[in-house]
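Each of the two complexes below includes subunit A, the first together with subunit B, the second together with subunit C.
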Partner chain A sequence: MKDNIKIPYFPGCTLKTTAKNFEISAIEAGKKIGIEMVEMPKWNCCGVVSSLTSDDLMKHVAPVRNFVHAEEMSEKGTVNDSRMLILCSMCFNTMKNTNRRVKNNAEDMKSINDFMYLEKDYEGKVEVVHYFELLKEIGFDKIAEKVTKSLKDMKIAPYYGCMLLRPKEIGIDNAEAPAIIEDFITSVGAEPVNWDAKGRCCGSYHTVNNKDIVVNLAKGIIENAHRSGADAIITSCPLCAFNLDNRQKLIMEKDPNFKTMPVFYFTQLLALALGLEEKFIGLEDHYIDPKELLKNKNLI
Partner chain B sequence: MSDAQKMVKVYVMGEAYMVPEGSTIIGAFEYAGFQLKRGVGCREGFCGACATVYREKGDYKMKGGLGCQTVVTDEMYIAQIPFVPADKPTYKMEEITPDAGTFMNLYPSVFRCVSCNTCTKACPQDIQVMDYIQAIIRGDIAEAASLSFDCIRCGLCALRCPAEIVQFNAAILAQRLYGKYIAPQSKELEARVNEIIEGKYEKELNDLVGMAKQELIDKYYSREIKIS
Partner chain C sequence: MPKKIKLTDKGAEFLKQIEKLSGETITMCDQCGTCSGGCPFVEEMDITPSQIMRKTMLGQMDVLDSKTMWICASCFTCTVRCPRILDVSKVSEALRQTKLRQAIDNIDIKDISKEDAEELPSIAVVSAFRKFTS
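Now for the complex of A and B:
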């Protein structure tokens, strides 16, 4: 195993706009544990929401074009790991789904390559890997050794949502009984709570046109987390984070007795546990301010 | 005498015409007897008024270019695009901010981009059109303004876009936002504008306005060009 993983990093649009704290915490925490994230010099939107219809090949052009750029990075030797690292659950799911499809279907691969005649062909050499998977590969015991500020008094609800686990060919863990986020939480010294909303849908894009659906789902998820004794929820999906964090405003309007809960990107807790400065954790970007909780736990 | 002018066959809106080899598409139209009122402009490749689409013999690809710059080939099918219909919302620069949210409000179609790159293939200016649309999506307005700088608004990108984005108008917005909010301010420009407001060049300008035509021409051609 390499001492330092130097890997092409695909940010996705949200990490450059509304989830900057997700990106900065991941990059800085990565440096402490031997992950050097090299942002792809050229990338485009993943396409968002993988098309599952068999004849809608156009939707798969965007991911393939990104794979071409990742292959170019390997050829140029700017990285020592030929995979593509992704943080956002939605990008991860979309990109990995397309990769699987074109690698298993030579005709689709050829159609897309023919269409992208200005670029070089995608040769199918890229594997998509999620940050969680990279942490597991490094070893959660090794991560634990690097922790300088144990989150020992924190009880965390691991929220997988939909995109990290399904379909199972793409999921980063067993879709019915996942443990990878729990293992991560343990590695930073916190306690993962056992709850039954970890894989429940947050309402996803209904947040645009049918806010009530999201309000109801998010309320149920957060109340479930409270019942399990959690102090906070962690996620790796900017859309889940928006629905669970920002939508608490509307939940409070509907139910004045609603008890709020901070929502973190998992990399923020990793950065915190590794002793990084607050400017690399991005605690200002939350709707529900997490600082009081972290102060109560003597973590900031 | 040299050989007679070699002729090639082109199809204008489906009908065959013989035109001199080496003609531009605009030239071919006019040689064939068409009078172009729209779909032609500077004839120098600068103004972007003469967007054209064509297909060449034996090639399945629809191609685009500027009619004044594209030379016809034998058996080419050609058409001039007089105008590209495109949504152009109005906005006040003081009320908008240089970020992706501004585009979400004014040009939401930008976020429909499927990264097919058809716009880039269509661009006669060799601009990386898709890349600047993608830069907008991720809120990198400076990059979008820089990549789209050479755009001459011919509209071919928007005509070919399967997501129906109006790239060239979104590019103007990016460039305006860059100019107003991101680009370093020029002290020299500010000083010069103040000089103009204070009337420093009033006399010189009035002198020019009062000159006879020949005097003005002589002055123009004998002017000193300073390159600093």
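Now for the complex of A and C:
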């Protein structure tokens, strides 16, 4: 295995806007554990959700265009790993879905390449990899060795949501009984709680025009986390983070007795455990302030 | 005597179209209800996911008037659990697309307040418009 993974990094739109703390913590934590994230010089929105119809090839063009740019990076030698690293669960799912489709279907690949005739053809050399998968590859035992500030008093609810687990061909772990986030939590010294809502949908894009659905689902998920004894929830999806964190405002309006809970990106906890400065963890960007919890646990 | 259900010509054409769009053999559905039992959105729906399978199978085009297909957010819970390895989320998408391709949108950008637009993550807005507009 390479000592230092130098890999094309696809940020996606939201890591540059509402999830900047996700990006900065991932980049800085990565440096401590041998991941050098090289942001792609050219990238575009992946489309967020996959087209699920057989004929709607148009929606697969955006991901393929990104793969072309990742292949160019490998050809130029600016990276030593030809895969594409993604943090956002939705981008990960969409990009991996398209990649599978065009790699398994020569006709679709040709149609899209013909459509993008001004660019180089996609040769199908890119694999999509999620940050969690890289951590597993490096070894959670190795990560644990680098931890300087163990999160030993923290009980964390691992929230997979939908896009890291389903469909099975896309998921990074067993769709019904995953363990990768639990292993991550253990590696940073914290305790993963066992709970029912780890793969339950947060309501996704209904947060735009049907907030009640999200309020009901998010409330159920957070209450479940409380019942399991968790101090906080971690996620790798900026939409889940918004629905679980920011929507607590609406949940409180609906139920004044609702008990809030901080929601972190998993990379924030990784950065914290690796002893990084607070400016690389981004604790200001939360709706439910997590600082009190971290102070109580003597972590900041 | 077994009773045979015969689809109308229009109904049979509808079933064929949804099967083609979704890539799923909808008539394989056994109506076991696993999809409805595990669906996190089922309480918000007017008819259950297994009912949209049944109605589509029978060529009942009024399935397009139900709000179920719009509530389905493609979380793929049913997809990973179906014992017949059918993908109900693809059927939902095919039903949505059947409506959207008649240029009938299910969201209006004017309904999003300025405050919401500033606060919402871009992935929320992009995905909602991808799912709800043609």
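Operating definition for what follows: the second predicted complex is superposed on the first by the 300 of 300 C-alpha atoms of A that agree within 3 Å, B and C clash if a C-alpha of one lies under 4 Å from a C-alpha of the other, contacts with A are read in each partner's own complex, and residues count from 1 in each chain.
The definition used in the following text is that contacts are C-beta pairs under 8 Å (C-beta built on N, C-alpha and C of every residue); 3 or more make two chains touch, one makes a residue touch a chain.
Predicted model, so just to flag it, every value in this text is computed and none were measured.
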* Asked: Is A:T17 contacted by the first partner subunit B, the second partner subunit C, both or neither?
  -> both
* Asked: Looking at the overlay, does A:K31 come into contact with subunit B only (first), subunit C only (second), both, or neither?
  -> neither
* Touched partner set for A:K59, first subunit B, second subunit C, both or neither -> both
* First, second, both or neither for A:K6, with subunit B first and subunit C second -> neither
* Would you check which partner chain A:K155 touches, where first means subunit B only, second means subunit C only, and both and neither mean what they say? => neither
* To do: Check the contacts made with subunit A and report whether subunit B or subunit C touches more of its residues.
  => C
* Asked: Does the superposition put A:L118 against subunit B (first), subunit C (second), both, or neither?
  -> first
* Asked: Can A:C45 be said to touch subunit B (first), subunit C (second), both, or neither?
  -> both
* To do: Could you look at A:L217 and tell me whether it touches subunit B, subunit C, both or neither (first, second, both, neither)?
  => second
* **Contacts of A:K291 with subunit B and subunit C, given as first, second, both or neither** => neither
* **subunit C-contacting residues of subunit A that also contact subunit B** => 13, 17, 45, 47, 59
* Structure fact -> As the complex stands, subunit B meets subunit A at residues 99-100, 113-117, 120-121, 130-131, 134, 137-140, 162
* Residue numbers on subunit A that touch subunit C, as the complex places them -> 12-14, 17-19, 45, 47-56, 59, 88, 90-91, 162, 165-168, 175-176, 199-201, 203-210, 213, 216-217, 238-239, 242, 246
* **Residues of subunit C that touch subunit A when the two form their complex** => 20-23, 40-41, 43-44, 71, 73-77, 79-81, 87, 89-90, 92-94, 97, 107, 111-112, 116, 119-128, 130-132
* Contact residues on subunit A for subunit B in the complex? -> 11, 13, 16-17, 42-45, 47, 58-59, 61-62, 65, 115-116, 118-119
